[in-house]
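Both of the next two complexes hold chain A, though its partner changes from chain B to chain C.
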Partner chain A sequence: MLENFSFRTIVEYLPLFGQGLVTTVWLSVLSFAGALAVGIVLAAMNLQRGRLFRVPAKAYIDAVRATPLLAQLYFLYFGLPRLGFVLPELVVGILALSLNSGAYVAEIIRAGILSIPRGQVEAGVASGMTYVQRMRLVILPQAFKVTIPPLLGQAIVLVKDSALLSLISVAELTRAGQLLASDRFMPAEGFITIAAFYLLLYYGLKGLAALSGRWLGLAGART
Partner chain B sequence: MIWQQLQSIAGSYPLALRGLGMTVVLSLISLVLGTLLGFGLGILRTGGNRLISSAIGGWVDLIRGTPFLVQIFLIFFILPELGIELDAFTAGIIALTNLAACFICEIVVAGIRSVPTGQVEAALASGLSRWQRMRQVVLPQAMRIVLPPLVGQYVLLIKDSSVVSAIGLTDLTRVGWLVVQRVPNGLLVFFLVGVGYFIVCYPLIMLARRLEQRMGAAHGEVQL
Partner chain C sequence: MTNLSSKNGAGMIEFRGVNKWFGQLNVLKDITLSVEPREVVVVCGPSGSGKSTLIRCINGLETIRDGDLTVDGQRLGDPATNMTRLRTEIGFVFQSFNLYPHKTALENVTLAPIHVRKIPRTEAEKAGRELLAKVGLADKVDAYPAQLSGGQQQRVAIARCLGMRPKIMLFDEPTSALDPEMISEVLDVMVAVAEEGMTMMVVTHEMGFARKVAQRVVFMDAGAIVESGTPDEFFSNPKTDRSRAFLSKILRH
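Presenting the complex of A and B:
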């Protein structure tokens, strides 16, 4: 019955929720950094003319996009020890999130680079710039602008995805809710509270995305 | 050793088929229901009634802002407290349908807004009723924008259906989890689980890509 919804218990468990929130935030930050690294490498491979790099990058991106994160998480969680890597759950979780989000980040970066009009590259060539100069001075600064809003969108997805780490018993926000639900048989108190915390993160990131769109002068930037 | 494991895994193929079946059935039911509901919500949201529009917008934001796992837990554990008894399957369908409806609503809204106002004005001037305008003028043109991300959304839905394994439904992911308890080779077991999902999802991803090229909707890509 929701009429005896106990705010008192929520307050009592607040330190646990706080810890969970902090863990969710920093593991998301680490995973997003990892995803950027993976994404940049994959995008660079994917933009090569030669097949040697392009084909494996495409295969990886497709494989990640066509399978659920939970299956990927279990793949690493149950699979890594078999290869001799016995890692803490938290590390496995961050690894899974980085590898998963990296594939989406790669597509965002690639789309950003491809959105630069061909004429810009040609102008760079005509000005006698080398490949690296063209990339650094002409393409990347412009591509950077258009990738920021979708990257923040991906960050939102990543924060929400990190809830799945509770299923391999990482002590993050969702896990805190589960603990309250099972310790005190108070699922409503537990899950409504963590939903509120996630919404806080969501609106924060969403606001940031809107702001960044305005700063960068992008009309109708979508996130 | 690997041979024995393969045999052992092959022995659990009826379970795997059942899991795949569960994944497909769950996704299919919530895909159909979610599409209908999503179009309905999208049309209502662009309908001009401020109150309805912001109520739908608020709900969509709540759903987009929380992890799907938390939504499933909320539905599965809290609806019974409100006196609504439901099994894991129904809870899964409700959660997935609601999720799909909210994302599809946003896609439909974007599609409808992409139709130039002149079209609606012309329809008004021709004396078409509200329903006729929507059905004969706006929606057919909106579909150009809606279709590619809609198919992309179906892929997301199938993948999200894996999360219902957390409340004990024996879908493909849960089968992998069960098998790995007996056959301690996580790499092999979850590779095969991945292959199962890939077979279902990849054709849809290809379809979404092709539609996107055909419709020339370069900006229509769904935020995955």
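Presenting the complex of A and C:
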């Protein structure tokens, strides 16, 4: 069985996988940055007492979570041009991942903020802090620490979801595997290799989270 | 007494016919109470009688439905009153301390002075160290709250309030969450603050503290002030059945 497995072809295609890996990494980084931006804005809207901001934020989060990412991606890729917005596929891909992941990030951030005991808010209020000062000095530094593990989980999901961008011909990691599969009829080699690379990315992210956790631990955030 | 700190000739804290509801529940009933500058008032009463709500109204942690509440000459709920500004003049000590867990003892004390009072960091830190020394925690400036005992945390919390140089200090059951052996270290600090002439309202059942420093004891029940008098009057000769019943329960042991 393994005699049919061509390590040589994998080595031959390594530059292509390398390019795909690099593309997956930087488009994931950009998308996650976008997701954080979207998530922070949505979480802030969702935490307001007035319905004016809260209702649209909740509706957005529900809509994104209720529909498949693939459908959202296809809407942006095939639907938007029909409405007059023509964007390069890479931009569409990053946009789709940011908007999708942002909804989940919003809920993670909101939960993190709500996990901070009410007494912390009151201590800030009682000492004359404004809303912004309370958030910046008291709530967010504490909330940030509890959101690191779930945000890491979301980052891992985002990296794997980025594989869907191969369907709109973005030359990322999964696309490289597809090329090997279709050019040389070697799906086993192609897809086992990309699996190995995704595993590599996963451990990279885990290491990053451990580092940030230790760094935050040194900053003394214990309870 | 000078009138500098209390405009309009009124008390430092002035309740006039204050009412508050939580839904259907009338938690403060027609409260009228005046606290003079440098006066120490102890508020006691059974649980659920509205004591905490009463003092939480003073710095706007709770809002009142009707009546007048004037603090340091400023009427609460008046659009002209800058609540954030007024709060810097009012220290509030919580039952559960509410120290910032991600900040050291010194940072807890200096955070608001630096960011709210805009005092330069070096100056705030110098004052903060002095305050922590004053509450007996000179060796704990760099400790995090989780590394401190309850009594130590509450003393940091008091120092945190004093760091703002407030005109008024409010204490909401400051020793109720403490192990018995830690109560006196906190009360000692409170006595020292009172003796320096701070205007204080203290919700507590520590009758020793009341006898020592309070000019007045206010007894509340079911949202109303039932009785008020000097500690001696109140403890030796309670006038109402409800205050007698209450005292017999807390003084039994």
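Methods note: the second predicted complex is superposed on the first by the 207 of 223 C-alpha atoms of A that agree within 3 Å, B and C clash if a C-alpha of one lies under 4 Å from a C-alpha of the other, contacts with A are read in each partner's own complex, and residues count from 1 in each chain.
Rule of thumb we're sticking to: a residue touches a chain if its C-beta (ideal position, glycine included) is under 8 Å from a C-beta of that chain, and two chains touch if they have at least 3 such contacts.
If you're wondering where the values come from, they're calculated on a predicted model, not measured in any experiment.
Of the two partner chains placed by superposition, only chain C is touched by A:Thr130; chain B is not.
Of the two partners chain B and chain C, more chain A residues are in touch with B.
After overlaying the two complexes on the shared chain, residue contacts for A:Gly119 are found with chain C alone; chain B is out of touch.
Once the two complexes are laid over each other on the shared chain, residue contacts for A:Ile194 go to chain B alone; chain C is not touched. In the superposed pair of complexes, A:Val138 makes contact with chain C only, with no contact to chain B. Taken together, the two structures place residues 222-223 of chain A in contact with chain B in one case and with chain C in the other.
Here chain A touches chain B in the complex through residues 1-2, 62-63, 65-72, 74-75, 77-83, 104, 111, 150, 153-154, 157, 160-164, 166-167, 174, 177-178, 181, 187-188, 191-192, 194-195, 198-199, 202-203, 206, 222-223, going by the rule given at the top. Residue ranges on chain A touching chain C, taken from their complex, read 117, 119-120, 122-123, 125-130, 133, 137-138, 141-142, 145, 219-223. On chain B, the positions that touch chain A within their shared complex are 61-62, 64-71, 73-74, 77-78, 81-82, 155, 158-163, 165-166, 172-173, 176-177, 180, 184-187, 189-191, 193-194, 197-198, 201-202, 205, 219, 221, 223-224. Residues of chain C that touch chain A in their complex: 59-61, 84-85, 87-88, 90-92, 94, 96, 98-104, 111-112, 115-116, 144, 146, 160-161, 164.
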